[in-house]
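As written, the chain order gives the labels A, B, C, D and E, with residue 1 at the start of each chain.
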Amino acid sequence: MSHLKINRVEKNYGAFHAVKGVSLEVEEGEFVVMVGPSGCGKSTLLRCIAGLEPITSGTITVGDHDITRAEPWDRGVAMVFQNYALYPHMTVRDNMGFALKVAGRPKAEIRAAVDKAAQTLRITEHLDKKPKALSGGQKQRVAIGRAITRAPEVFLFDEPLSNLDAALRSQMRVELGRLHNQLGATMIYVTHDQTEAMTMASRIVVLNGGVIEQVGTPLELYNKPESLFVAGFLGSPRMNFFDGRVLESRGRELSVEIPGMPGPVVVPLDDDVPVPQPGAQVRMGVRPEAVTLGGALELSVALVESLGRETLLYLEGGGLRTVDSESAEGFVAVQLPSQHQLRVGEPVKVGWDPASLYLFDDSGRRLATPDPGVPGRVWAGGGWNRPQGRARRGPTRLWRARRPGAGAG
Amino acid sequence: MTDMSRQTGATPTWYGRIAASQSMLVLPALVLCTLFIFIPAFLTIVGSFYAFGLTSERWTPVGLANYVKAGNDPIFWVALKNNLIIVFGSIVMQVGIGTVLAAILDRGIGFGQVFFRVVIFMPMVISAVAVALIWLIILDPNIGILNALVKSLGLSPPTRGWLGDPSISIWMVLIVAGWQYTGFMMVLILAGLQAIPKDLYEAAALDGARGMRAFWSITLPNLRNVLLVAVLITTIGGFKVFDLIFVLTGGGPANATQVLGTYIYLQAFTLTNMGYANAIAVVLLAIAVLLGWLQLKASRQS
Amino acid sequence: MTHFAPRFRIVQALLYGFVGLWSAFVLMPVAWMIFAAFKTRREIFTDPLGLPGQWTFDSFRRAWGVGLGQFMFNSVVVTTSAVLIILLVSGLAAYVIARSRSVWMKLLYLLIVAGFAVPNNAVIVPLYQMVTAADFGNSHFGIVWVYAAYGIPFTTILFFAFFLDFPRELEEAARLDGCRPWAVFFRVVMPLSGPAIASAAIFQAVFIWNEFLLALLLLTQPDKKTLPVGILQLQGEFTSDWPAVMAGLSIATLPIILLFLILQRSFVRSLAGLGK
Amino acid sequence: QDIKMWTLETEGLQGFIEQAAAEFEEQHPGVNIIHERFPNEAYKTQIQVALTGSSPPDVFFNWAGEDAARLVRDGLAADITEYGQAEGGFAENVSEGWLANFAYEGSNYGVTHEGVSKYFYYDPVFFEDHGLEPPETFEGLLQLCQDIRAIDSDIVPWPLGNSERWKLNHIITMLNQRVLGTEATAADYALTAPEDELFTDPGYVEAWQKVVDLMDAGCFQDAPNATSPEASRSMFAAGVSPMIYCGTWCANIFAEEGFDSFEMFRFPSVEGGAGDPGGQFLVPQGYMVSAKSENPELAAEWISFLVSDEQARAYAEQVGSIVSNAAQIDQVEGTRWFKFFVEDIAQASETVNVLDVLLEASVANAYLDAGVEVLNRTKTPEEAMEMIRAAALEAKNG
Amino acid sequence: MSHLKINRVEKNYGAFHAVKGVSLEVEEGEFVVMVGPSGCGKSTLLRCIAGLEPITSGTITVGDHDITRAEPWDRGVAMVFQNYALYPHMTVRDNMGFALKVAGRPKAEIRAAVDKAAQTLRITEHLDKKPKALSGGQKQRVAIGRAITRAPEVFLFDEPLSNLDAALRSQMRVELGRLHNQLGATMIYVTHDQTEAMTMASRIVVLNGGVIEQVGTPLELYNKPESLFVAGFLGSPRMNFFDGRVLESRGRELSVEIPGMPGPVVVPLDDDVPVPQPGAQVRMGVRPEAVTLGGALELSVALVESLGRETLLYLEGGGLRTVDSESAEGFVAVQLPSQHQLRVGEPVKVGWDPASLYLFDDSGRRLATPDPGVPGRVWAGGGWNRPQGRARRGPTRLWRARRPGAGAG
């Protein structure tokens, strides 16, 4: 049986529906990350679980207990707030022990619990300081410590790292992961940082406009997004999207015309989707890392970002424009996992494996997603230059060979 | 105010320039304060070592005699005691009730917040003279509504009158002062309450503290600085009080509501003992400066 | 804002009750003052609790005849000019002190703070003698400076704290934009000191509008008196004409209450700055 | 040239001064009279503060008594004897006796303009209805109070508004005179009595005891110390109380409040008292000239003008006051009560100045406070006198 | 001649030396990024250039003008602040035109300048709003616009993007790059975000403790850090550092003993450094992306972070511990540019090309840096299994082939 069960929870603020019937089951010890654009209801849902907001309808159970109407402190949940919400007038020790003190536990027990949590979080030497004497990372640790001492059944985190700087964030990320392993507790974690989501989650919940778009492991979501929204949401730089029109279908392969592309693009459809009619509007997606140098598409460099270990290229080319991309100009983003010396304006040829393409219909539903098991061939401009039929998913291999040097196929 | 330390030790250009050539700009303030505050204060201190009448130009040096006289003057001690009663009474009444009202307005009630806030604050803007006159008539034993009210409740009002009974009158003064200033304290504290982050309460709710427990554990400690300011304003106000008592009771009956402020006035202008009045004024001055210094220290700490 | 479960309803009713009671306590004298102004002399005496039998403005006319209009005008003139002087003088001083790193300025600040503690009734006689010696008696121009002097310490403290917290980047941006020191102060710092200016102005306006002792001693000419002194005069003038006294008080009080009602939002908000 | 003049805020005064000033200015081209008025309570302070300042009023109102004497001692009042002696000067119009109020060591420092007195006012209709008579003696007064209470115990026979402390002071002034007589008190009042005799006469205690007797007889209302003089006047004017002890200035006020059918009687005599029962309360008040005045001569001329026959009559007519220049008093078209006052005072065998004006300030203050305490019954008459004696001793020595 | 010349600038705050003799020349049109740890004096140096802080000694010239003692407004510099420092009481238009207005320029000219800048920054439709009505990104654009209208000779940026969220930051990064190309102005940019530094800079200045550690192009710094500090500063996750001891040297190859490593590690030294004595303490570095799967080093997985396009592994192994790393536990970080399904605790074999190793002496100075031109061989446990002598630097190639599948060499 699942540990935390959210059943058709709705939350209205007056006429505004912030959460629209969300159901979710979380197993014991899972680390569930909720992501979604700002205002999609992540915090609201979390606060409903914590009991800080009464829900409009639905039920929430933890273990066997229906906690839908329970008081916050009776729910066995602890919450870590974005801006820490430490009690400024108490020492770190008192902050962490406050819940136990309110519960009337003996002093020795409180002391032991606090000391243990402090050790876990490596803040023992700060126990007698006031919060304002701590750095951001330390404060965040105290906030987590406050949750730990209560030994709750479920931890709730609302963007706990977003006030920290990049280096500290990645460090705290690692620590939180370790902590989760160590405590084995159920955690629900809200963030808008996809790196956090991808790296920490056992499962990611993508919320959009108060409803769940998709739930799955990070790689499931990355590789097989159910919708355009999820596809665009994960990955940075974003997936390159191109608007196109279906030309014809041959079996489960679709030929799509994309303005600015020298010829039609062939996309192998997923098995479980209906084949769209010719003339239908579709949106094709290709991830920046799936675009490789060499290929039939000739573009020119608009911007190079050398990050040392990887290089981001932003390419522009005649009529070919991405839609809904990070750069307002509709550049094609390319991520290369090595250093390159390219100059702005320089022409480059790129291509991609048709098996790495994504395709969505005009309502944003998935038509095609890449098959990570099959090393595809590089698309080389028009035509059906691959054996008919798409290879079924083979055994998952540890990594996909990259052959960046390979030219037009 | 902790920023002061951050600026120290730097070589100034811009701010240094202000310090050098633009420091002239503090002159108007300095001159005005010196002329109308520091020099009179200095003369008051000097005068406290002399005996002279309001209208006489002969100053007789008497050393500390005026202070000795104050020490032996029961009315001086009554006045000081009354100041203390007003200070502590006001703290209890204005800051205490103000805090309760503010807490209720902040979290306890859903609507009508603005209405209540406005109404309760309103007396603050009315002149103390007007306040005293209104209350003077309300408390009048013959035509006042308080007597009428009390009688209509079947009780009997004090026979010597609300302001005529020495054991009651100082408390009536306190009530009138509370009537006027509680709203001010309430708004001050309300502002402090609203500056407390809401998520502290949420964290406390998750920790099991709600209602009164949250009030004691979260609200009050976080309100500490604001309460400190409120207490100090009330205290200084309590020592400076003059208009209200001057109009309401004139210090009477039989000096029962005399405070330092009115006693200075009595000694100086009615009894024309200027030197003695100055000595009392210096006591008041010392208390006020001490409190001002405390306030500065307290706000430095926050 | 957290929600309230049903069992909080009773508590909430109690809370409303308390606030309501206090509001009634606050409102009652004011309401009574207004009603009394409409009563006849006899009614006040025979029926203190009842409503006035007739709503006539006679007593208002009598009270106004004393020259309340003149008093009010005087109060407005004195209050506005003193407040303006206080704001300007304290603003400059506080800015210079807040931005200076010199020890002298810090001492000066302490001196000014000490000035805040000096109650004017403690130093009234030397003050009076100096002021009349300067021939400032019976002159609005004169009393304005005295009021200004007593308003400066508090306002300087208020501004000083505000300027210390003033975002330094804004001043630096202005300097990079070509502002000379004066321009930085008047074009960037002052326009952004709204909350501090508002709370200082409101405080001083209330203090000065209601100031009694100095006005009593310094403004003796009938056409120079300010409201508080004028109000007190009502009592002498009308011996036992309580309706007229109450009408006069109503006339003197209502404008400032109305002003407060209009400005209450910024008024109350600006107080928030004081708490910190 | 400006002549600044400070007076109390008194009804009718302003109109009179305006008209007088207009005439005076006509006679003296280039002269400008500036008239400033003050409420009673604040005036004492203000005039003293102002006189020590640099621009005091040229002419100012004052009560004859200790305050005026101190101003003279401190050199703040100008000696105007010679101006008075001049042609048309005040000495021509005001008698020596009246002038003596402001004369010190043979010089005039001021001119008495008028005198105010106090009487019992009563409602003749009420008295008639219940068969009451104005009392002749203090015992009669006590009996009167008891009789009125007997009619209806809620009726306050004699409202006393002592919140400003001077109301009872006027009564004790009269009681002292009635019990002790003028001679017996003079040395105490002037603080010239030897220390061990100062205010030791048992008559002082007896006078206070008479106040207690009045309270015991139910004369006053419950809270005299909390009642303002105005309120007590209203009680009489509104017909709630049948009598009141009030100044000559009260008559006009009652009339204005719609009650003008009152009658008056004198403060009754005390059996066995040493004082002259013909003595009558009279507070002389007048004008003084500031020593700092730049135009003392002109100021004195203005005062002389005010006490000239014509102006004195006009003043009596407009204000209804007992003027010091009584030359034309017969021709005054006065009210019924004005006529009564003038005639009655003319018969007075001696005049009694009020204690709070007459005594040294701190002794006066002690007397005022003692009154409050006795009325509140927080001090017995003996204790009250202890307090006054202590203040007197200190004033004499300090 | 260089455009901006900073000559031995020192800045003391009382006894505290914030900037200790910094000299730097910036060419016209360059985009110089200053990075360094918090408190190293970046902002101070920038403010000295702007004239907001008087310098203690040294000179600053712009073009031919010595501006060392000039007033801020006379220096021809404009500054963009971290928290925008927009005048809240003015509209966007007035904010941007304020400098020109103060300078007394005619209205029409101000209008034209503001309109042009607004167009460049795409904020024309917000010109009449007050700053508080704008989003963070828009505010930042207005702040930049305010600088642009003044047409300064040098733009100064102090962490201009650090208050923005990740997505907006990468978008603004692209825009700033475009803007720099468009205006061709000299820009000095302070940041603590190394992605910004790497992607935007023509040259990076690394400051540490008030002195310049190194100046160079991003890739120079990445590939050839002069010091341990610079090596550790750039790259995320950080380079893996191992403490070791020199065993012996053979020609310009050094044999280093590292505790926990099965055998000595051979590192080819750079040409221009002295050969250290046997027994000397050294610190070896290897970048996470240089560690490849397969090899002789057997470690186990401590943590996996799957980012979709890349996978970060944190490995732990017996006595082998990294020092000074992001995770406090001394894990070895490995970055793989593809998806991998690894479980925590699973054993993995890794190795690296000796030519990709960094080596620093005990004072932190460079001894060896990788030669990006030579595809090295994978180290396979002890011995000298590579031809003697290190290959000289060949012609720079666009990318280095990755052969993740290759086993022990």
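Here is the rule we use: contacts are C-beta pairs under 8 Å (C-beta built on N, C-alpha and C of every residue); 3 or more make two chains touch, one makes a residue touch a chain.
In UniProt terms, the chains line up like this: A, E = Probable ABC transporter, ATP-binding protein; B, C = ABC transmembrane type-1 domain-containing protein.
From a predicted model like this one, the values you see are computed outputs, not experimental measurements.
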Shortest path length from chain A to chain D (each step joins two touching chains): 2
Best-connected chain pair, where connection means C-beta pairs in contact: B-C
Chain whose Cα centroid lies at the greatest distance from that of chain A: D
Between chain E and chain B, distance of the C-alpha-averaged centres to the nearest whole Å: 59
Rounded Å distance between chain C and chain E, as computed from the means of their C-alpha atoms: 58
Distance from the mean Cα position of chain E to that of chain D, given in whole angstrom: 96
Mean-CA-position distance for chain D and chain B (Å): 39
Chain A residues counted as touching two or more neighbouring chains: 52
Overlap residues in chain C, where contacts from two or more other chains coincide: 2, 45, 125, 175, 232, 235, 242
Shared-contact residues (touching 2 or more other chains) in chain B: 8-10, 12, 14, 54, 142-143, 202, 205, 265
Of all residues in chain E, those that touch chain A in their complex: 122, 162, 165-167, 170-171, 173-174, 177-178, 181, 192-193, 195, 198-200, 218-219, 222-223, 234-237, 287-289, 293, 303, 305-310, 312, 314, 326-329, 335-342, 344, 372, 396, 398-402, 404-405
Chain A-touching residues of chain B, taken from the complex the two chains share: 197, 199-200, 202-210, 213, 217-218, 221-222, 224
Chain D residues within the chain B interface of the complex: 41, 44-45, 48-49, 51-52, 70-71, 73-76, 159, 163-165, 221-228, 231-232, 234-235, 361-362, 365, 369, 372-373, 376, 378, 398
Sites on chain C touched by chain D in the complex: 41-42, 45-46, 125, 128-129, 132-133, 135, 137, 216-217, 220-222, 232-233, 235-237, 239-240, 242
Chain E partner contacts - residues on chain C that touch it in the complex: 167, 169-170, 172-179, 183, 187-188, 191-192, 194
